[in-house]
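Heads up, the next two complexes both have chain A, just with different partners, chain B and then chain C.
Up next, the complex of A and B:
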């Protein structure tokens, strides 16, 4: 589909045209960037590295009310999930992550919540010109200008954004905003390619994955696991903030006779995650939990869905309070193979 | 800090037959990161460091490490855990002793007199982190940043962590061995962060905290990193009864944050770890310090300074004037 240009001065107007839909975009609260619904006065910030909390919540919210009910009655009410959503300015890794969790949510049955949200959601990505310190997307099948999972890709060319529709949904969105866009010429196309090449060169850290998915199970009792997990706090940071982590718990919550069934993010790094009612825990310490996290991403998922469940966004490494570094763990895995 | 002395002492302690491992700090995998080190033998002590980047409070591992049941016919490992502590960290050890979370003969405490550490977020903001591991040193009144072979002198005021600015105990209050001479203490100064929030009227204060708690992702990093959050059965994990719902929203997040803060009133030793690790950037220190100040002003109690003290939340005085209780 044809490439266009959006002058940066027209950006607020572009965002304005999308009102009526629920627009999610990166915004700053003064200390950090996060994806939040765009209201009247909020300013969308596109000059950012990445948000700490990934935009996976657009399709898989941290708390999803599945249905509401009243105790003692058989009336059940399901939230409609019919709101159209546009996620603006998400990074290529986070979009690619959505194609990875997609496989899980459409595996044996189609998960209705995920599928309904996905149908109504248009993903407008923004290529990275300045990758972050721990970005290693290029090692795991992505890249700073990758388009997988996106409906529209944008790139910052300085004065203009390069804008290109990649799917019918993306085309529909650009049709709505057509009067703000101009056709991109060859120069713009070349500039975009040059920038993405430069961005790739700026990526400093990398992992080698060859042989890892097949080799990991054989390292089950390797001394590397107690070594890399000794200082782990068992918190939810590396999993909640991972764009491909998709574990959830389901709970009924009540207020008086009003009740709702919710599902919410869960984390395999929590000790209760595998705790049995008997008191037995098959993953009794952080060693087993860390081993599971890495195996799940780099082996089990590959086995089941033929793709590594890590897009190299670097969040787990940036934000782990005790410097548990997935790039270093994979280096040690590779060494032990 | 004399690195040679640190490593020599570390090696001696780690080699002791009655020591399981020594907890210290080592260079991290990139940039400004420092990682906790579990040193099991003398050779491992060669990687130990103590620098303005050593923010982590290692006392949390005294209660965090999970013990597997001892197999039938085997003896439990009763060896001691040795750890390096800054002033604030040593207060956590003391408070754990007061609460009988640990026994004195279970630990070997190596005190590191502390001139103050940097605020890692501020450091990364002002001097962008690069993938090369960087080093930092105390240099008289200043910090010295060494990266990619280049040295940069940075004034202490520019980067000192808030908790350190307010620190009254930079010299460890409990130790078996002290590394070097005590540092000179400094006047803690005003707690601007707390005062700013106190100065707000009730509505804007509520609004301020609503905005903050709204960001919480309930990762429980703040709880897990805290040396004094060590309940085996935390009320936040309880489902029956459910004290705090799993749903992540303003109301539940607030309930969680209030529970956490109150359970630490009179116990928090202001090491600042909870705020440092919070991925949502919630200024948890302001809550803890406000409570700590109230406990100090109203009850004359300060946690983690006297191993013989009666635990604050477990003490009762029949003649308590109760002059501010509604």
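Up next, the complex of A and C:
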């Protein structure tokens, strides 16, 4: 589909045109950037590295109501989930992560919440010109200008945004805003490619994945696991904030006779995660839990869904309070193979 | 869009009774779906489970402890452990139970036709085995007989006690009960399940062995089955990992690359022995 340009001065107008839908975009809350619904007069900023909390919540909210009911009745009411949503400015890695969890949420039985939200959501991505310190997307099948999972890709060319629809949904969105866009010429196309090439060159960190999915289970009793997990606090940050982590808990909440069953993000790094009521715990220490986290991403998921469940966004490394670094763990894995 | 798999069906409790006493008592529920359509569409096989619960409290994964050959109802035998199982225990005939499923794979009972069946159970572990026993009993001409070994700590901890007497009247069925320590008036064996298995010395020939129970019992039963000459492929067991969704989404139940709620809970030993985490 044809490439266009959006002059940056027209950006607020572009966002304004979409207000009939629920627009999610990165906004500063004073201390950090987060994806949040855009209200009136709110400024959508795109020049930042990446958000701490990934935008996975657009399809898989941190907490969501599965159904409502009244205590004493067996009638349940499902949320309609019929709101159209546009996510603006997500990074290619985070969009790719959505295609990875998509495989699980549609494995055999469709997860109705994820699928319904996905149908109504248009993802408008922004290529990275300045990758972060611990980005390694290029090692795991992505790239700073990758388009997988996106409906529209944008790139910052300085004065203009380069804008290109990648799917029918994306095309429809650009049709709605057509009067703000101009056709991109060859120069713009070339400039975009040059920037993405430069961005790739700026990525300093990498992992070697060859042989890892097949080899990891064989390292079950390797001394690397107690070593790499020794300082882990079990805080769950690495998994909570990972765009490909999809585990959830289900709980009932009641307030008087009003009640709802909801689900919320959970983490395999918590000790209660696998704890049986009997007291038995198949993953009793951080060693087992870290081993599961790495195996799940780099081996089990590959086995089931043919893709590594890590997009190299670097969040787990950036945000771990004790500096446990997935890239270093994978280096040690590779060494032990 | 198909129906939301997380929304449970309403069933009415028709009958309940206690199998065992004590703090961790086991209560059995016989339930029937309210909606005739659900009743007709529901089909399960031995080994499958269901998420049962009470709205406002939660859900628990519980083995369906009856065989489809017994009629258009479900049975669950629930040990009182915590929040949800406590709420379930409060249900009496006429009350509503919420049920979704059936989940997981099943014992390949049809593949087993023409073979001898040996079930080895301990405690609440008899719940997933009972449907096999009932299934084989209902299709006796298709199997070469069934041997059941079942044990618990005391005679009060044995489930389904009322059913064993009638069972022992069947020609092709032998039922061997054992308890850990001597009791007055106890007519059956005294000793641990794995030892009783060795004492009975069943031939592995044309036999399928299925074992469910506490992990420690399973470990010794597996060892002893090997001693008796059983091949890995002749042995089945079930895993019981913590579960939330039951449909392969919440990620909770994995034993390495297996989602127990979908790839299990029934596993052939030849598969399971390659998964160290299954025995953790």
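One rule holds for everything that comes next: the second predicted complex is superposed on the first by the 337 of 337 C-alpha atoms of A that agree within 3 Å, B and C clash if a C-alpha of one lies under 4 Å from a C-alpha of the other, contacts with A are read in each partner's own complex, and residues count from 1 in each chain.
Keep in mind that, in the parts below, a residue touches a chain if its C-beta (ideal position, glycine included) is under 8 Å from a C-beta of that chain, and two chains touch if they have at least 3 such contacts.
Being a predicted model, the structure only gives us computed values, none of them experimental.
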### Query
So, on chain A, is it clash or fit between chain B and chain C?
fit
### Query
Between the C-alpha centres of chain B and chain C, what angle is subtended at chain A's, in steps of 10°?
90
### Task
Mind working out whether A:251 is in touch with chain B, chain C, both or neither, as first, second, both or neither?
both
### Message
Quick one: is A:220 in contact with chain B, with chain C, with both, or with neither? Answer first, second, both or neither.
### Response
second
### Query
With the two structures laid over each other on chain A, which partner does A:17 touch: chain B (first), chain C (second), both, or neither?
neither
### Task
State whether A:233 touches chain B only (first), chain C only (second), both chains, or neither.
first
### Message
If we overlay the two complexes on their shared chain A, which of chain B and chain C does A:8 touch? Say first, second, both or neither.
### Response
neither
### Query
Regarding the shared-chain residue A:103, is it in contact with chain B (first), chain C (second), both, or neither?
neither
### chain B versus chain C as contact partner of A:32, first or second or both or neither
first
### Message
For A:171, using the defined touch cut-off, is the partner it touches chain B, chain C, both, or neither? Pick first, second, both or neither.
### Response
neither
#### Entry: Smallest distance from any CA atom of chain C to any CA atom of chain B, in Å, after fitting
6
### Query
Shared contact residues on chain A for chain B and chain C?
249, 251
### Message
For a test of understanding, state which residues of chain A touch chain C in their complex under the given definition.
### Response
66-67, 69, 71, 73-74, 76, 78, 104-105, 107-112, 115-116, 217, 220, 246-252, 254, 259, 261, 263, 266, 268, 273-278, 280, 282-283, 288, 292, 295-296, 299-300, 303-304
### Query
What part of chain A is in contact with chain B in the complex they form?
29, 31-32, 34, 52-53, 62-63, 133-134, 204-205, 230-231, 233-237, 240-241, 249, 251, 253, 262, 264-265, 267, 270-272, 284-286, 319, 321-325, 327-328
## Note on the structure
Residue set of chain B touching chain A in the complex reads 28-31, 33-36, 38, 56, 60-61, 64, 66, 68, 129-131, 211, 215, 217-221, 224-225, 237, 239, 242, 245-249, 273, 276-277, 279-281
### Query
Contact residues on chain C for chain A in the complex?
1-2, 4-7, 10, 55-59, 81-82, 85, 96, 98, 215, 240-242, 244-245, 247-252, 254-257, 262, 276-277, 280
